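Scrolling down, you'll hit the structures one after another.
You will see subunit A twice below: alongside subunit B first, and alongside subunit C after that.
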Partner chain A sequence: MTTNLFFQQVANGLAIGSVYAIFALGYTLIFSILGIINFAHGAVFTLGAYFTFTLTGTAFGFNGLLAQQKLPFSLWFPLALLGGALLAGLISVIIERLAFRPLRRRGADSLLTLVSSLGLAVAIVNIIQFLVGAEAYSYPSSALNDILTPFLFLFPDGKVPLALRVPLTEPPIIVRMVQVVIFATSIFILIALTYLINGTKVGKAMRAVAEDATTSSLLGISTDRLIQFTFFLSGFVGGIAGVLVGMSVGITGPYFGIAFGLKGLAVIVLGGLGSIPGAVLGGLVIGLGEALVPAEYIGYKDAVAFAVLFIVLLIRPQGLLGRVFIQKV
Partner chain B sequence: MSQTTPALELKNLSVAYGAIRALNDLNLTVDKGEIVTLIGANGAGKSTTLRAISRIVNPSQGQILIDGQDVTRQPPDAIVRMGIAHVPEGRRVLARQTVEDNLFLGAYVRNDNKAAIQGDIHKQYERFPRLRERRTQLAGTLSGGEQQMLAIARALMSRPRILLLDEPSLGLAPLIVREIFSIIRELNREGVTILLVEQNAQLALQTASRGYVLEAGDCTISGPASELARDERVRKAYLG
Partner chain C sequence: MDFFSTYGFLIVSMLFQAMLGLSLYIPLMTGQLSLASPGFYALGGYIAAILSTTVFLPEGGGKWESGTFPIIYVLIETVLAGLASALLALLIGFPSLRLRGIYLALATIAFVEIVRVLSLNLEITGKAIGIFGVPQPFINKFDYVVLALPLLIASAWFVYRLERSRVGRAFTALREDELAAAAMGVNPTTNKVLAFVLGAVLAGMVGAISAHFLNTWNARQGTFDVSILVLAYVIIGGSRTFLGPILGGLLLTALPEVLRAIAGIQGLPLFLSQFLLDGRLIIYGLLIVVAPLFYPQGLITPDLFKRRAVKTKEAGA
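Showing the complex of A and B:
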């Protein structure tokens, strides 16, 4: 691998890895509070992408119940993104109500909740297909320009270039602008979430519920409401992740989020279950690992994520930054 | 008997864990400004009583009244808002958060401004100077006695009128126990009503004005603490 290619792939790996990280954060938030993986998170990611597409006022394709339909209005892309993420958060709250809360009330085994969330994910994916068909969609070409509105002054002709040339090596590294947006948004979300969890009242309460739900109740923290808020947050961030990937490679169909769902599992197990810095590190390691697979073995790219996971777990069963759980008898 | 409404009243309260009855038909009152104690052996239903009052377990039967108001069906956060704070058995501090954040979360239900809450945190530091020294430490690194102090201070942060204390002496050195109990009496003098669950019956009866003895979920004897301390059955079973 030449130096140029190496740095090129590092840039690609950081962009995709940062999406893995914020996707996995959705898992992590819920896992740290409930100790359960929300298998419907991949579907929420998909919905975020589709909702945003809908809100841009673009017409759907030729298949499905909503064929050729579009909204009577069209939102400026950043607003559509915000709306799509909010709706994804709302769906996530509904998922909690349908697939999690009833089972929690009955004290069901967490394995059952896992299955019920998986069932809901399958239902959501099929509803999407029923409504808008299985074809790929892409966002309006103005999306990138719109999202970078506050930074337009940086570009001489007031238009965002599709790619930046970073002259670190010869020939220069080409970084697609959308990758810059993905990376920057992900970092922003990570910082905002870290602040929320460590620096605000609701974040401290979330950590309290995660550590000891009963004691939190004794302090007057409504655990149900906190769990609901956590699902909203997870869905909101997951929705944004869906839109970011949609901007980069298009919305590839209703199964869009499923591959991320599996990759996200590898990410959180690698980073350490329930650890936020772990999810970030795990996402970046897997993103970089995939990107650095030599071109002739590109077909084995997905195997790399799981091979990395396998090796790390042999050495550190609790994941890179995971806590060792001591079972007290 | 006083004619005023009791601060806390339990009427025919029963709790069952599945098929196991943990508490049978308990009738108990705590008047404003009193210290009342529940004594009894392990598994007699003392902690269950407190957990039912805080609504983290569901009573199968009976009523819980705070200032005459039925709260049996209220959620746990409503109970805290009504002025009841619970110091759970085994302290249950939030080990992964700092001492100060534990105190801050104790004020979770309060809606007043940050300055008032900061002011109360400083009051707790004055009452428990050792917590001030450890304010930035994770609560899990504190000693048992310090954790008990933190658990009490955290409960006080909600400005409770009634404090439920579950085994505050458990696992602590005698010197620390004496310190904790002198603080309990001090809090009571400041006007906090206290329901105290304690295995150390002697200490509990010295501290409280009245007591109830629980045996396998049933209340067998109750009365003024001084009488209970002289009662032959109580002496035999709990005072050695």
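Showing the complex of A and C:
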């Protein structure tokens, strides 16, 4: 691998890794409060991408109940992204109501809740397929160019449209504009979330509930509402992650969030379940790890995350930045 | 015999799925949620498909004397698949069963995904195309019942006896309280690995016969989707007695056909019949969400068999 290729892949890896990071944060937020992995998070990711697609006012394909339908209006892409993420957050709140709250009320085993969220994920994915078919969608290039053009400031020579080039190297390192937008958006979200959790009152409440739900509810924190808010936040961020990936590689069908969701699990386990800096670190490590797979073994790229997951579980189950929990009777 | 030629495929599939349900149930007896069954199922299928298309060939490259693939070879493949699964399960079981609950579920998901990616990329597994033309030991699909039914009965009987043995009670003790069980002299690791290996062996054997049954084997056979389906059998059928996953596997595999029959009723609104035809997985998913609320232990619970005891208890309370 030449030095240039290496840096090229590092750039690619950082872009995808930053999406892994914000996606995995959705798992982390819920896990740190409930101690449960929300398997429906991958479905929320998918929904964010599809909602945004719908809001751009593009028609659906030829299959499904909504074949050839489209909204009577179309939104500017950043607005559509925001709307899609809000709707994804809303769905996430509904998921909490359907799959988490009833079982929590009954004091059910956390594995049962995991299964229940898995069931909801299956239902959501197949509802999407039922409504708009299993085909791949991609955001209309006109909508994307709207937001990418303002960034088009280096070497727009037509050969590599919408890309930055580092000019002094040969072959040049090319960073697609989409990657820059993805990376910038992810970093922005990371900073905003960190501020929300460490610098605001609601963040303080979240940390309190994560530490001890019973005590914090005795101290006047409405646990149920806080859990709802956490689910909204998780869905919102997960939805944005879905749109970002959709921008980069397209929406490859209703199942694309499931595969991504499984990788997200590897990310949070690597970083340490429930640890926010851990999720970020895990996302970047796995993104870079995937990007640095040599070209001749590219077919094994998808196994990187799972191999990492497996090895981490065996060697250091608490993850890179996690805390060790001692099981008490 | 019209019934069997129409529904033969379905009936045998139901038996296979019931066994897969059972293979997930066995580790669950010790309280370990392992989603690894599809990985071993895929492994068993590949072993049978590779052996029967490359090693067990008729002499001289012609046809088999009997016209069909000898059943004895299918049995050999099934045993080999079981052995290979047992070895692999031992290998990954010892380190990963130190993990509990969610961590074990994650490790087994990772295992299933790694198996899938490997089979998509290795030359010997036919890469993305898979292995075609796995030879048929029978002319009719329904005839596979002579392999599937005895295996189901044998494995069900085995689990039934297991539940009532010393080992089975050790499993239950681990499920109820690992620490207390360990204090009573039950070795958690040994018993968990044993349960994990037994489940893997069953899944591998089912895979070997399935490869013949389906005629082809590829990376789509053992995926995370299958994990969820098999999990649904156990959750909906029942996770506290071996009859639960068997019933769950039988019922849920038959469900699409039942829905198709309902969708065929005259005078149903078009979107509804369309939903019944295409929305099978939506219904599965919602069932998995709803079932734990109404039947926390599944449709079949051990209490069903001691109804009287329960009733007197309720009357007393």
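Definition applied: the second predicted complex is superposed on the first by the 298 of 329 C-alpha atoms of A that agree within 3 Å, B and C clash if a C-alpha of one lies under 4 Å from a C-alpha of the other, contacts with A are read in each partner's own complex, and residues count from 1 in each chain.
Just so it is clear, a residue touches a chain if its C-beta (ideal position, glycine included) is under 8 Å from a C-beta of that chain, and two chains touch if they have at least 3 such contacts.
Computed from a predicted model, the values in this text were never measured in an experiment.
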Next on the checklist: Using the superposition on subunit A, tell me whether subunit B and subunit C clash or fit.
Outcome noted: fit
Next on the checklist: Output check: A:I187 vs subunit B and subunit C. Expected answer is one of first, second, both, neither. What do you get?
Outcome noted: neither
Item to check | Vertex subunit A angle, Cα centres of subunit C and subunit B, expressed to the nearest 10 degrees | outcome: 90
Item to check | Contacts of A:T214 with subunit B and subunit C, given as first, second, both or neither | outcome: first
Checklist entry - After superposition on the shared chain, which partner residues are touched by A:L314: those of subunit B (first), subunit C (second), both, or neither? => result second
Checklist entry - Which of the two partners, first being subunit B and second being subunit C, lies in contact with A:V293: first, second, both, or neither? => result neither
Checklist entry - Regarding the shared-chain residue A:L5, is it in contact with subunit B (first), subunit C (second), both, or neither? => result neither
Next on the checklist: Contact-wise, after the overlay, does A:K204 reach subunit B, subunit C, both or neither (first, second, both, neither)?
Outcome noted: first
Checklist entry - Which chain, subunit B or subunit C, is in touch with more residues of subunit A? => result C
Next on the checklist: Tell me the contact category for A:L103 with respect to subunit B and subunit C: first, second, both or neither.
Outcome noted: second
Checklist entry - By how many Å are the closest C-alpha atoms of subunit B and subunit C apart after the superposition? => result 9
Checklist outcome for this item: subunit A residues contacting subunit B in one complex and subunit C in the other none
Next on the checklist: Under the definition above, what is the set of subunit B residues touching subunit A in their complex?
Outcome noted: 54-56, 75-77, 79-81, 85-86, 88, 92, 94-97, 101, 104-106, 108-109, 154, 158
Checklist entry - How about subunit C: which of its residues touch subunit A in the complex? => result 33, 95-96, 98-103, 105-107, 109-111, 113-114, 117-118, 120-121, 179, 224, 228, 231-232, 235, 271, 274-275, 278-279, 281-282, 284-289, 292-293, 296
Item to check | subunit B contact footprint on subunit A (complex, rising order) | outcome: 201, 204-205, 207-208, 211-212, 214-222
Item to check | subunit C-touching residues of subunit A, taken from the complex the two chains share | outcome: 36-37, 65, 98-99, 102-103, 106, 108, 110-112, 114-116, 118-127, 129-130, 258, 262, 265-266, 269, 273, 299-300, 302-303, 306-307, 309-310, 313-314, 317, 327, 329
